[in-house]
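One chain, chain A, appears in both complexes that follow, with chain B as partner in the first and chain C in the second.
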Partner chain A sequence: MSRFQYPPNIEIVRVPCVSRVNPLFILRSLQHGADGVLVAGCYPGECNYSTGNLYARRKLLMLKSYLEYLGLEKGRFQCAWLSSAEAERFVKIAKATIESVRKLGPAKKLVRNKFNRD
Partner chain B sequence: MEKIEEKIREIAGKLLKDKKVKLIIGFEKGTLPLKARPTFVRKPEEVEKLIWNPFCENNLAVYIPFYRRYLDNGESIGVIAKGCDVRSLVLHIQENIAKREQIFIIGIPCEGILDRKRIEKEAFPGEITEASEKDDKILVKGNGFEKTLKKKDFLCEDCIVCSHRKPVVYDELVEGDVKETEAADRQNQIKEFESKEPDERWKIFTEEVSRCIRCYACRNACPACYCKECFVDCSKPQWLGTTVDSETDLQLFQIIRTFHLAGRCVNCGSCNRACPMDINISLLVNKLSVDAKRLFNYETGIDVNEKPVLNKYSEDDSNEGFFEEH
Partner chain C sequence: MKVIRKPRYVDPSKCTGCGLCAQYCPVESIDSYNAGMGIVPGIFVEYQQAVPLIYTINRDVCIGCGLCAQYCEADAVDYTQKERTDVLDIGAVIIATGTETYDVEPLTEYGYGRYRNVVSSIEFERILSASGPFRGLVLRPSDGVEPKSVAFIQCVGSRSLVKGNEYCSSACCMYAVKEAVVAKEHLHGLDISIFFMDIRAYGKDFDKYVERAKDSGVKFIRSRVSNIKENENTKDLRITYESDDGKMQTNTFGMVVLSHGLCTPPSSSELAEKLGVELDRFGFCRTGEFTPLETSQPGIFVSGTFQGPKDIPETVMQSSGASALSSELLVTERGSLITKAEYPPKIDVMGIGPRIGVFVCYCGINIGGYVDVPAVSKYVESLEGVVFVDTNLFTCSQDSQETIKQKIIEHKLNRVVVASCTPRTHEPLFQETCESAGLNRYLFSMANIRDQCSWVHMQTKEKATEKAKDLVRMTVAKARLLEPLERLTFDLTKRGLVIGGGLAGMTAALGLARQGYETILVERENELGGNLTHIHYTLAGEDVQELLKSLRKQIKDEPKITVHMNSEITEITGFIGNYKTKIKDKDTGKESETENGIVIVATGGKENKPTEYLYGKNEKVITQQELEVKLALNSQLSTPKSIVMIQCVGSRENEKPYCSRYCCSQAVKNALKIKEKFPEASVYVLYRDIRTYGTKEVYYNKAREKGILFIHYDEDKKPIVTEKNGVINVVLKDPVLKRDLSIDCDYLVLSPGMVPQEDNETYAKMLKVPLNQDGFFLEAHMKLRPVDFATDGIYMCGICHSPKMLDESISQANAAVSRACTILSKDRIQAEGTIAHVDIYKCAACGTCEAVCTYGAVKVVENETRTGIERYAEVTEALCKGCGACASSCRMSAIDIKGYADKDIVAMIDNF
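After this line comes the complex of A and B, so read on.
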């Protein structure tokens, strides 16, 4: 991204707006091998489609609070406000997220394992 | 209860005679002892079968989305609704299933529904063949035994912490004196669970949910679950498997189904009562109601003209939990 280097263990899924993110995307990625999920959207007030991120903020707030209540570790699902023009900040957030997820270790909750009953 | 039943039959008979509604949804005596049966009355002569007692456990608003053929033609439907049913009806009106004029709400202040499963456990190993209730007592009879129980010991958990026993909206209100409970009680239950460690909470959650057999009784009993294509039936993409082999699929099903009720659930407890495996769904769903109140000051199903909570936004919504600069 703008020729900055960032760690390779982040998989980027592009969406037109953060409001396209369905809670099923997040939970399915945690189920199928992701150790952490980061959802990044435009700053409130700067949405490309004017109000998408404001609706998404409510949805993500409730989802985050709900998953943490059920016992998912606090660093696994993270949300950030990020502008697509801020490459340097993206790299900073990506590095910080990867570090915090690495500290939590490999995901054990919600992981679908072919070799067990699961 | 007899006075309430008489009043219901009077109101219902008048509505059907005057042809104000096409159909009235209420309860009648069923074949099982501790359960009333939902019934659909179309003729004035049939109103004599309508009853009302603390065994009327279903949320009758669940039938409204099935009558779109009447509602789209401009017809009206009458519903005999207790406190939580009324809020589910308001939710349907907010979500444009029906217009306010099309639902004639006969409101009944509810003192709480009896927990059939706990009563059956109390009588175990005897099988209850007859049950009746009067004032504050329940009388159960079976083969060779008879027991009298106190009503207040056998109320459903959700009814004990009910926030709106009196109907918030109605066209006709049947008289009754009920005291509202402190909604803070629900928050205390949540705080107790939240005080545990995350791993312990996850263990309790997964053990509770591992009993799920994917019968979808909870989904069928819930008035807020009326999607034409449920996410579990979607095959493109297939979000989760349909079997009970995978533990994580069961967890995913429960998490997502309850999350789809965020800000829409009225905590009626129908899902708990419908579940054949006695899963404590309130443990999951109460958190969402408490969060909607805490984060957005929103209570489901109070104002007919309001929009559902996730259909609105405010520029002042909190950024709690969003990435903080280090």
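After this line comes the complex of A and C, so read on.
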């Protein structure tokens, strides 16, 4: 509704709740050529399914530090917590994510061979 | 009943909510949703999340230029619409018209309307909102600069005998604290002071929120502000007030927020007159203390703030309760207006490869203007599994539904993809269309190429087209893997179980019986009544023992209710619609088993036994409950000269941090009773905050008029109680006189608050539902679902939820009946389609899924299989909501969500 503009190189995968996001999905995305992954969920405490986003937050933040330990650059995988009414905030986050991924250039870590750009 | 329908000047069946009309509308009006701080076009929707999303023309500003009609691709604008009078044939009415905020402009001392940085709390709420006039930035209206400090002034237009209303508006303390906390989150380092008389955080867990606000640095100043002055140059505001030590202090703030109260608008008295409903002297709907939802007119019920000022949870409870009472009247007509949808026989899709039909929507120019729709549709033709592609001007229009239906049959489509707008509003429509063509509704998938593409990439049309192709490709990839899903249905037992025979439990049992359902009422004691047995009169003077007598008789006379006295429940198994309950008679030890479809928990609470202030050591130190019994039974109280009451004894501090809500009103009630019986006696009430919320404030004022002395004390300066030669002496610091007060008294009465029953823990484990930190049952949502547990089929009412007044228990009990009837009135229980499913051969029975499931829908069970005794997770389909928390936590990938399976999502990821 708000129609704030953001760059078009961000594709959206719909899930019922952020708690549906299996860490493997993020790995899969990176393997299949995504240069960055953003997981967006509701604010902690505002989950439609009571506690789903709390489990997701714990799991995803652990994955994040694990990926960084593996050598994936900081900023390739990000989590954001916001409300569906906050169009402007979403746009801000989307822009910031794209910007930080752009700075890092194409992803090389984890990418499967046929997608490997080296 | 005649109802006037005002025209929208837009045909709701045609409007697609695209918003094109609003872009071209040349006139503007004041945005009332943003408290007048923004502007909206003449053709508008009230707010962004409105459902249904239909525009309305504001004819007060409309100049009739016709631009909107010209630009509307759906041809929905209709200037000729007229006001319509509908005659409705109805059996019951619920009035829920609410209240308005108090108009603060006439209170000139606060400078509202003269000083731009003095705003009302509603305006501040909108300022804080991300969808508000400043997009969530905390800015001053005068110069658009971030303020350094903000002051809140409480009780503006409330609790005043001189200006404004006498009653307390009940909600302002908490919304002020909330706004303060949110403002600090939005603007770090913002200095916030709240000027208050009493902080009335009387609701469940409200005090904890106030404590958190204090910890985050919000200052609370107990002082009533008399006036505000503006600095003409800086537009800052100067507040002069009396500080704790009695000195006058002046502080300057960047902004001032007036916490204005609630009041009834003139329109509600007009409505009341039309309906023949009596109002009280404040303009609220008159209800009885034991009939809080019934107006003076039989068949007309009331809920929400029109009944009296209140917070959200109470409003929700009352609304559910009023609907229960209305449906009680209409019980013989239940279901008579339902027409059942008829569907053709299901197309069998098993064993046939995907034949996908894709419908790409132009949405007028909403998509078509920015995305090359023909290019997208041409591209889609090349995708694997796609056998048919079509484009529509509006895929959601009625004739498009017919086309989709035809094409499904004509091309033997077994998967349908619509590339258009948001599934949030339109998915059910298209699923219905699939179903009407004989295709399972879960063989449908949607790509959002409007909200996620054309609208947000308007300047880069080529890239938007590419992205639209990507989104459709991903959706088609998912569609290839879709399987038909069944929504399983289950039998249900149309019988209710109510645990606890106090006021709430008795009311709930009677309600269920009157709705036509057999009910089992289990009570731990030898008689029904619970706390009612100790209460004799109410604040307004009603006879509680009469109520108790009448309730006991009604239950005895009700053939649908079976009462198990002196009993406890030893086991509850099963799930919504299908519970098996074992009830044990505590005397005989005999166990009986029954089946029931729902459970209402009403286990109640009890007055805490104090350990301080000589209680138990001196017989003249008693609790409020004991005092009430003595006052009711005249002979038990020798004529007292002086009585001291201490509030918040062992309450609102370390071990029991919660407020028990009723004690202040109870103290006022008993104090007034003492004055009535012994006019010569002096009564002192020592309090931390007097929380006579709502219209109970009137009795607090009456008590003060009668000469009852209310003296404030701080948590860290508690009164000191000693006994010398049989005389009890109380010493405390008087905050007004600034010196120690010493009072000798005949009776010392303590308000120790309410504690939950010990068996709450047993029942919590038995039903697998949570308790909060204080041992009260935890609802699904503090504000919006105050009666439900997260687990479907189990509800709560009365003090087991949190301490409350009699009328509130009655409302909540009726609400529980209403919620229970949503289940009991069904013929069968229907589960969702997109739910969890366990592959038992992969499952390691680790129990992680059970631990993360909020709904108690997954359990590890032990069963005999072909290979012997095996343990694995099992899904109770009727309880699962399909959130997927279990699936993403399963380390064996043994549990998956139908319709959102790992393979579906991975297919989307692989195809992006």
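Assume the second predicted complex is superposed on the first by the 113 of 118 C-alpha atoms of A that agree within 3 Å, B and C clash if a C-alpha of one lies under 4 Å from a C-alpha of the other, contacts with A are read in each partner's own complex, and residues count from 1 in each chain.
What we mean here is this: a residue touches a chain if its C-beta (ideal position, glycine included) is under 8 Å from a C-beta of that chain, and two chains touch if they have at least 3 such contacts.
As the structure is a prediction and not an experimental result, all values here were calculated from the model.
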Partner chain in contact with A:L104 - chain B first, chain C second, else both or neither: neither
First, second, both or neither for A:K59, with chain B first and chain C second: both
Contacts of A:S84 with chain B and chain C, given as first, second, both or neither: second
Chain B versus chain C as contact partner of A:E73, first or second or both or neither: first
Partner chain in contact with A:Q5 - chain B first, chain C second, else both or neither: second
Chain B versus chain C as contact partner of A:T51, first or second or both or neither: both
Touched partner set for A:R28, first chain B, second chain C, both or neither: both
Chain B and chain C footprints on chain A, overlapping residues: 23-24, 28, 51, 55, 59
Of chain A, residues touching chain B in the complex: 23-24, 27-28, 31, 44-45, 51, 54-55, 57-59, 61-74, 78-81, 93, 96-97, 109-112, 117-118
Complex contacts: residues of chain B adjacent to chain A: 190, 193-194, 198-205, 231, 239-240, 245-249, 251-252, 255-256, 259, 262-263, 284, 287-288, 291-292, 295-296, 309-315, 317-323, 326
Chain C residues touching chain A - in the complex, by the definition given at the top: 19, 48-49, 129-131, 135-136, 423, 448, 451-453, 455-460, 463-464, 466-467, 470-471, 474, 780-781, 790, 834, 852, 854, 881-885, 887-889, 897, 900, 902, 905-906, 908-910, 912
Residues of chain A defined as touching chain C within the complex: 1-9, 11-17, 19-25, 28-29, 32, 34, 48-52, 55-56, 59, 83-89, 91
